[in-house]
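Each of the next two complexes has chain A plus one other chain: chain B in the first, chain C in the second.
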Partner chain A sequence: MTTVSLPTRKPGRNRSAVATTLLLLGAAYCLLPVLWVLIASSKSAGELFSTFTLAPSTHLFDNIAELSGYRDGLYWRWMANTALYAGVGAAASTLISAMAGYALAKFDFPGKGTIFNIILAGVLVPGVILAIPQYLLLAKLGMTNTYWAVLLPSFISPYGIYLARIFAAAAVPTEILEASRIDGAGDWRTFAKVVLPMMRTGLVTVFLFQFVAIWNNFMLPYIMLGDDKLYPITVGLNGLLNQGASQPAMYTSVITGALISIVPLIALFLTLQRYWQVDLAAGGVKA
Partner chain B sequence: MNKKFVPFAAALTAAALLSVTACSSSDDSDSGSSDEPVSLTYWSWTPNMDKVVDAWNAKNPNIQIVVNKQDGGDPAVTKLLTAIQAGSGAPDIMQAEYQKVPTLVSADAIADISAEVGDLKAKFPDGVWNGVTLGSDAVYGVPQDSAPLMFFYRSDVFEKNGLEAPKTWDDYAAAAEKIHKADPKQYIGTFSATDAGLFTGLAQQAGASWWGVNGDAWSVNINEPATQKVAAYWGGLVEKGVVDNKPMYTPDWNAALNDGTQVGWVSAVWAPGVLEGSAADTKGKWKVAAMPQWDAAAPATGNWGGSATSVTTQSKHPKQAAEFVSWLNTDPEALKLLANTANVYPASTDATALLTEPPAFLSEQADYYAIAAEAAKAAKPFTYGPNVNVAYSSFNDAFAKAAEAKKASAFTEALTTMQQTTVDDLKKAGFNVAG
Partner chain C sequence: MSLTTPAPTTTAAAPAKPAPAPRARSANKRSGVPYAFLAPALVLFAAFLAAPIVYAGWLSLRKVKVSGLGLGAKSRTEIWAGLDNYTRSLTDPEFLPSVTRVGAYGLIVVPTMLGLALLMALLLDADRTRESIGKFARISIFLPYAVPAVVASLLWGFLYLPRVSPITDLFEAVGLTAPNMLSSSGTMWAVANIAIWGGTGFNMIVIYTALRSVPTSLYESARIDGASEMMIAWKIKIPIVMPSLVMTFVFSLIATLQVFAEPMTLRPLANTISTTWTPLMKVYRDAFTRNDIYSAAATSVIIALATFILSFGFLKVVGRRAFNQED
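== the complex of A and B ==
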């Protein structure tokens, strides 16, 4: 046995070294830009393009103060707007996805296949393409340049519905639904008390996806909004770079603003991470 | 194909359900009486415009102006045109660059306010006033700022090389060569293929006027002798390698201004603000002079930027809007605020008396605004057409290749491309094109 196991162990060790190197490279590839933002946001405007790229400086708090001072703290309003768009949008979208996914997975009704195929097709259409038609529709309703203009289109996420359907099919056994019906629970009660808790881990995934998508969304709010008090961070920071030819672009503030804007995302991922781990484990067992 | 519209049909249903609450977001009343309190929105990208407007709001409780700050230039115009096409969502008042006025007029986006503002012609230089009337009896806005071209240079570097500010373009070419020979890293300037506005100003100085109105037809004269002269001149300098070929407004360019490898800049009256932001370390070393000339006996210049304030066709209160627009750009109190708080160079001739202190970045240059006023008077007439955006993006494409190739012949060929693209687009859009 030992003579057999020796040659198999060696390539195994080599393979893991290669894998480790690849993963380290991947990690460096992903983390270097973040490191750059971190270092660049510590530089003053004069140092930004003149000192060595990876040499940090000491002006981070000056930069944050300057950013906060821009038009009476408008940046923090953008931050609050982004939290509102992403928080409310993702929560509503998750609820709608859960309902739609559950219905598609567990109920039989005419046209079910067609509806699901249409939603699948919707997954393939990038949201950017829909931004202009959505603008024209909301303009007819006189709702452009309001919070609703950004919130409403983000409520429906075909990908979220698709994920929720897959997850409902796998995680909610039909027997439990039958048991709940026999016990006298109506459809709403079954959905709220039985189905939702069982789908929780999957819905966290849907929520996170949609939250990040809305947080980083640029095109939709860029087209919809004209009042910079309604802007999310993405559109606001873009404005600081495009001041027109007669104004210098505010690079330092934009870089600092970008750094601050990823902090809530990191915090969200760290808090919701445990649900993801459960989710992956649960999926592994069922497969 | 219909499948892709499903998510958005669902959004429509949701929108219809919520529209009852959303309707309250519009605060316009339907009556046009000027006694009714109204709230008007104003799109502008001028910094601190909200502070200028505060002075008006304090005195006019019935006409309250709300400033929505926009991204500079093109994006705001695109947004306005989209809103006009959609039928709602446009502001009442809009900052409109002179080169965009014909576009906005032909899209029926900005209104004729000649009846509301009365006779303001005498308060502005003729060239500027022409920019808002397009030579007709209509008035499509009140001029806010003008931006005559001047020449900014590092006086210390020029002195070290024994040079004066160039009086003619021949002087400029000689200075370019001398500076680059003395220090191969230094350039007197760069030819930027991303700044069509500057090139337009240079062509304007040479006597070009790219568009024209002949009866009911537009004419396009981009590939004409004056512009060819300018293109060949810059192409020659780039081919020789004595002028850089990198675009402006990039991090590299900022760094080059700051570390002293770019030692001159043909720019407009607003340049000190940009230099202060991108080349803070060089404070006190810059000076300004009138533009180098083609013919020193007949000084001329062009513009780079400058804008008017217009009332949109979607405004329900054009009378009140026009009242504000007229105050903003002609009232002495407003002009003072525009110059000192918003840092614009007011177009009104009354403003010259108000501008006595030079900009902080060029604090040594006591005659800064005297030079600017001379330049403003020397601006040559220039007519913009309804598809400036197309001509400009064609400039970007064609001249980017020419600047990359570093061949003078490529610069003049790029004009052929620009001319063709601009004419084709006008025809395609359904305009009559003469010639």
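== the complex of A and C ==
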């Protein structure tokens, strides 16, 4: 321990302590509501407003049973609907984006620039202008209040196409496409057997983006659906909370429902972390 | 960092020369291929983006004329309205307050959220050695992105209730009165906090990813030149992440002006939130509670135009194009 080393090392240590403290404070702020819902869903209706907020209780399974009993398991139907909307919607959207992105990155054809610019403008279109006319147009086709009303609009993702174009340009060498053509593979076969596997990493990101966007969406299903058997979890919980305003006994079900609803996405995040290294400006993904 | 398209022409043209005839035929045959690959995207784009925009514009210029007593199917006819719906929208006594409310809300949310996201990203990046704490903080701060706005509002809504909130306990422990987040002056902060909580982590990851693409050797040479960590952050790191900051700003702005799910979910818990608390809530009420789709269409055109002007105006001011077009 020499005195010489202190002036140079001390600021470094302080800074690191400050940085660590700030990061942990940020983490605490972000975890607080999640911790709260975990504890609150273990409380009975009586305990919710009477015992100390962060004191856990033992009624989690009673609450889950009560929630499951609500109108013959309607809650689980909402969860299944959400999985359907997000899973099918994101899968279809990813395939459509991959095809469009591949065409825009690897082919030359008249109108290419215009088409790409229109799709880019679509990224910045605010959903507000789409919601009501989408509803009215689907109503004319008699498709509102069906699964299709939520699924079809989620199939198109301008941002997904933009990302897919970048991935196709970066990950698919033109020589390999030529080679595949010389081998006599058709365009669709080349796409399915050569292009899609090469774009895989990027397409997982496109899928996740769209999956989360659909899973979290509220306004579109809220407008499109009237039958609560078709609701996704967001619209269902919103309705349940509205009921709770008049019968506070519902609150434990709302809170338990909120907890269960975030478990699948959190699990998805933790397992697929590396796909979330997204460079928004460049559109690149660093895995 | 930007991924650029490798120039395909040089490699493709060379082997094609010796056999011009079959190649011309195959190129001809393939000329429809890119359109076939694009077809599903273009059809869906036309049906669910282009057509609704045109239809909203059309509806905003129409109105219903009621003749006679308004009874029977023939008595209600749709007629040309000119700009009537727009003047009605703009002069509606509830429109201006909702616009100023969202403006103030945006002024709170966007700078706070992006400031926190930048700060956390810089802290994570400065502390690359302390992996375990950094990893824990990164995952924790990103976690709210997995929570839908409805659920986030629900959780925070309960935490705002004085009887539940641990924050109230904390204030009382030190002998202070906690602010009531669900009072009329508190709701703005209550909604803003939910948006900041939900959005900081995603933006942090975007900025952090941009920072990670910089080789550490760049910082080491700056350190050897005697630059402090603050100076490195300010002079090197922030300029490097500027394109990411610009894009997160534009996306945050668009999302902020359309705030809907958070106030809609808080409403049952806070009677201070009116049905026209934000412009989008007013659009919803006009269209579905009052069945006045025409003025709802006019209001949504106004919001969309304002969003476009603000986001493109911003991009113009900072002198950037929205996306790398790489052509």
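We take it that the second predicted complex is superposed on the first by the 236 of 287 C-alpha atoms of A that agree within 3 Å, B and C clash if a C-alpha of one lies under 4 Å from a C-alpha of the other, contacts with A are read in each partner's own complex, and residues count from 1 in each chain.
Convention: a residue touches a chain if its C-beta (ideal position, glycine included) is under 8 Å from a C-beta of that chain, and two chains touch if they have at least 3 such contacts.
Note that the structure is a prediction, hence the values are computed from the model and not measured.
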Partner chain in contact with A:238 - chain B first, chain C second, else both or neither: both
Partner chain(s) touched by A:219 [first = chain B, second = chain C, both, neither]: second
Touching partner for A:97 - first (chain B), second (chain C), both, neither: second
Touching partner for A:176 - first (chain B), second (chain C), both, neither: neither
First (chain B), second (chain C), both or neither touched by A:46: first
Contacts of A:31 with chain B and chain C, given as first, second, both or neither: second
First (chain B), second (chain C), both or neither touched by A:158: both
Chain B versus chain C as contact partner of A:65, first or second or both or neither: neither
Touched chain A residues, chain B compared with chain C: C
First (chain B), second (chain C), both or neither touched by A:125: both
Set of chain A residues, in rising order, touched by both chain B and chain C: 48-49, 118-119, 122, 125, 129-130, 132-137, 152-153, 155-156, 158, 223, 238, 242, 244-245, 251
Footprint of chain A on chain C - complex, ascending: 1-6, 8, 11-12, 15, 26, 30-31, 33-38, 40-42, 44-45, 47-49, 51-53, 55-56, 59, 116, 119-120, 123-124, 126-127, 130, 133-134, 136-137, 139-152, 154-159, 163-166, 169, 197, 200-201, 205-206, 209-210, 212-213, 229, 243-244, 246-248, 250-251, 254, 257-258, 260-261, 264-265, 268-269, 279-280, 283-284, 287-288, 293, 296-297, 300-301, 303-304, 307-308, 311-312, 322-327
List of chain A residues in touch with chain B within their complex: 45-46, 48-50, 71, 117-119, 121-122, 125, 129-130, 132-146, 148, 152-153, 155-158, 223, 226-229, 238-239, 242-251
Sites on chain B touched by chain A in the complex: 3-8, 10-12, 14-16, 18-19, 22-23, 25-26, 41, 43, 45, 47, 50, 66, 68-73, 75, 79, 82-83, 85-89, 91, 147, 195, 197, 249, 251-252, 254-255, 258-259, 268, 270, 273-274, 276-278, 280-281, 304-305
Complex contacts: residues of chain A adjacent to chain C: 15-16, 19-20, 22-24, 26-34, 36-37, 40, 48-49, 52-54, 96-97, 99-100, 102-107, 109, 112-113, 115-116, 118-120, 122-137, 152-153, 155-156, 158, 161-162, 166, 169-170, 173-175, 178, 181, 187, 191, 212, 215-219, 222-223, 233-235, 237-238, 241-242, 244-245, 251, 254-255, 258, 261-262, 265-266, 268-270, 273, 276-284, 286
